[in-house]
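Here is the structure we will look at.
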């Protein structure tokens, strides 16, 4: 098997990036600054901002810096493959696009552009319940591309069932349930700007297009946006679920279920005990609990607790190929990749997402090989320095 | 019980902050810079400045950054309450306004504005002996709001007794005795600016209005300010008390007494042995001993020493809801909140203080819930990472 | 024996640097910024840039900062010598010029200038396979100066044998085999600038001048540069060797062989088991595996594993005399010195390289003596603080 | 006993600093920037510069930041005294002015101004062998002020004996022998500027005025400066002494002898074994061995080794009163205070030195008392946090 992703590097050297409009960068740690140039305050900070003082976001990055790869030489890592099995599904790489809502604030094509880019690279997109486009439209844009569905769990069981049904019918093969955002955190940038996309109906498309939701309205959202928004808000905010509600999801979803937002080993054990198929260790990129444990610091104990029972995915702070390898070495099966692709979307729509994704995978492929490994599954804790 | 404080968040999203004059921020770590814009050098640095090289102030913040919350999922934290019992008194939240003197250098309304704002939110104000307004006037502004009295312990027992009597008569329900400021520290910003409010009579109102003090003057402060100031200074500075003087306070104050400025477990034990009701672990926000231990680093050993005997409060460095939770997890019953509300006062008088306080409580309420807790009392050391 | 290198210091004080054009500096940590002034983006970033996020480069420097020398007094270190024996060869100092390719992007004289400067100081130059000048021309410029040859191991055994033969015939006395660059890493600066010297034929001189290589071309590189480049690229990139190929090198090189790029003690053991004469602990200055272990952090365990069997050299991050001493104290026999001399080359050609090299050796000589030592061999782990 | 030094604080508040010309500051960490404004490159960097990369200088400060004072309350520290006994001599405070040479590059009055200021505050000045003014002239300026003499140990025994005799005759009561500067370190700032005061005869006054030295010249320095300088240089540089030479000093100096520059416990033991009266733990403010251990990090082990046999003084990095207390808590009897007073000299001659010194002592006095102590001798390791 050849290295399809590493091929993107010679392509860039030969064809160049510098002439592109808007200019891209191959440095995932520089995408933020590039996106800042093209976005207005509201959309930029909605994506880049954190809860509270931003401490968790900084902690996420610092936890990666503290751990270091120990490369091995002469292992013959010429032939490599990034292919990975997660939840029984074979993925092109141990990477998925994290569920990010309201993508139309970044680019007119929003989630449709992201879906097309992800499909063209063969990486699963996880569609957010807060998408700017409907489940059906994104599935159409995704085509034969792999796709998962992320659930912000509504406070209305009929609506929940309807959403799950639509996702199943439209080819979403796994369900990711976000636990950490049953109410919105204190996010100073958004508050200072009074910028909340949902209040303008942005990110409500999945729900607005739902027959159960529409049946509960007097007029359609197209006719009375404000009434729809005011119905939407309490469906999604303010109510924390409890562990005893999980059987309801299992009953209405026959594919794998993954709980996203786990940060404590005991919660990981409860997820496994509840028959979940996987978890995502995540602090929502530092957007929910200010001052929370760095996601990478939470990973090892959680893997020790449940890594042999369920698939552990990782999210929050991934920027480079080395970051992916570090998460894998600590026991994650795959990682979710978030803000960087959103910046790519802002910078260049579908092309931008594809460029950012191909850059990450090329970086990952090269770093995997140069570290002396042939596959993601080879990584072990001993491939890292002690923290 | 609903979440009254978290409601402030949707209110901001709907009504906006950006249009307000003067502009506020919901980021407590950004208030300093905002206040810098509206204050002259003297008042700004009097509040923002530290002792010596500022090392203690930086250490206070760094100690919070080093410890991290481990959020729990699916706990059903929808219904929360911040109500807390401290010294046998029920508080709306585990937060009190720290005693800050000379508030009229920040806003003409000074402590009156602070008292009105604190009362409107239901949070106790701790009135400083160095207030710009008298005990009686602040009590009137406070109305039915909870209030404590902070004592800079005068070098004159008659005056001390008179101050305590006035506080009692005016509804101050607890006494906070500051131990760490019996002489003013080396504060380069104030010294370089030769800015000391007391020399101009600012912050002397409590004493100037005292009948015992006035009886010792030939002319009233209104008639001869300089003579009053020269009498005032030696009453408050240069003389350290000793532990054997505490029975005198107990004799003249029948409510709870709290010693503020404790940083060593042995001093905490002596406070408990002396029959005090509580202590405040504090380094005066880094304004007294340069190079002192971070207040949060001092907290755990002190709680271990006396936490089962007396109420331990925390002060110094609190900026965010997560900070409050960290202090609670380490055993504090409540925290004192200082500089940020002073910046709010500078930015918008009563409205500014109220905004800052409501922001902190909303942040705290949301972070409490998103961490998986329903009440402040639930927090345990295990909810934090090891330092 | 006198201190020939320290003499450079009084020479500078007496004759001055400030008047020189272009201006030099004696501060090796300032050379980077000075070179930035005179180089275009492409060449500057090719040398200064790192893999990925630059984390490994920063880690290299931080690892030096974390360890500190403990100087000794009154040892009579007046008479000193930097002479060192490595691989049975006596060196003027425990320092070699690291193999850096494509030096003509920095200065027209490229490796010829470097060879002349190195020879004039008596320090070995390690000639890169990616040199801008041929093995023979650099040997001629080097004259009687000591020289080693660095091999990027071609994917063609005949070419490999030819390169080794030419190196031997031209007086290169040791072979340094680079293991960590069998494919180029993800280097954002070069990618963003689409700057790869090899694609323009720069750094291909050693191969272009090789009879085996030329025999495989229809037209000579002078006649058809692009065809030569397209033949060159796959010879050097994309294929990782394995340990069982080392006997091939031993068979075709009768001098000492050193493996460069070792970062794990087990790889060091395999190198010793394979009969290699030495290793270079190196992460290629942070240019290959982003997020890799700091080279200095890898050194102690590797010395413990093989230090008594083979010579361990050190590379990556050396900037000052103190850095050299720290690597020696941890068991390295000598260090490779890279980017700073490249900056010297950019700033002043042969004079620039000589100045940078004499500065390092004067700094090293003085710091050795002021630390209380007479020779590099005296340094022990106990001369450093614990990490 | 009253607090004479703390009195400087109310004096400043009442009389102001802001109006002074040139403006001073009371923040010792801000003096560097203030001096930068008034000094030319050469003199500024001669004082502010470090060896090599400046790592040791930064380490000195960082070591202070890492350790923190734990203040005690209600100890009755009203009445304090800074008086300290060192080498059997009673000092006004545990502070001495470090020996700094060539002070005339900072201010025309040079060491004479420093001597007058030190005497007026009652703090010992340690006169450098590299003084811009002679032993006799500085003694006259010092008057009845306490004074010690620092020896750069010449490579000529007759000259050494002559210097010691002159020092004794002129009332210098202790001898400080600097061990760490028998040759000048690699100091990039001075080298880049080709700035070495001695080459212009600055800092040679002590030697130029010596009868033994003058007897060895054909013409006096006033008649032939260059010949005198060329005789001077080899007398002071390039030759490291050894431990067996110490009896020579003891033979020719009947007062206490202190070895300056000790950084290893074994060297401290040798000093005690050699009958020395004291040592100064010092890395010469980071000006000699780049990358050396922070002086404060070296202190505890050295005190453990010899603290009960000889007096251990501390030097390198002291800026604030808290720094002094930290060194005392770790076992130092007193500290040497260097660069800040040199900046004071540059800013305001005698007045500037006095202001800086009074500021430090006022800060020290206040911080001592606010930490709960009455005398320097009370400080113990337990008054600091673990490192």
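Quick notes on this structure:
Going in written order, the chains are labelled A, B, C and D, and every chain counts its residues from 1.
One rule holds in what follows: a contact is a pair of C-beta atoms (placed from the backbone, for glycine too) under 8 Å apart; a residue touches a chain by one contact, two chains touch by 3 or more.
For reference, the UniProt names are A, B, C, D = Lactate 2-monooxygenase.
Small disclaimer: the values here were computed from a predicted structure and weren't measured.
The chains touching subunit A (Lactate 2-monooxygenase) as well as subunit D (Lactate 2-monooxygenase) are B, C.
In this assembly, the chain whose C-alpha centre lies farthest from subunit D (Lactate 2-monooxygenase) is A. The geometric centre of subunit B (Lactate 2-monooxygenase) is 42 Å away from that of subunit D (Lactate 2-monooxygenase), both derived from CA atoms. Separating the CA-averaged centres of subunit B (Lactate 2-monooxygenase) and subunit C (Lactate 2-monooxygenase) is a span of 59 Å.
Chain contact topology: the protein chains form a single closed ring, every chain touching exactly two others.
This structure has the following touching chain pairs: A-B, A-C, B-D, C-D. Of all residues in subunit D (Lactate 2-monooxygenase), only 3, 6, 9, 12-18, 25-30, 64-65, 67-78, 319-323, 325-326, 359, 362-363, 366-367, 369-371, 385 touch subunit B (Lactate 2-monooxygenase) in the complex they form. Taken together, the subunit C (Lactate 2-monooxygenase) residues at the contact with subunit A (Lactate 2-monooxygenase) in this complex read 51-53, 55-56, 59, 179-180, 182-186, 188-194, 196, 199, 238-243, 245, 259, 261-264, 266-267, 270, 283, 288-294, 297-298.
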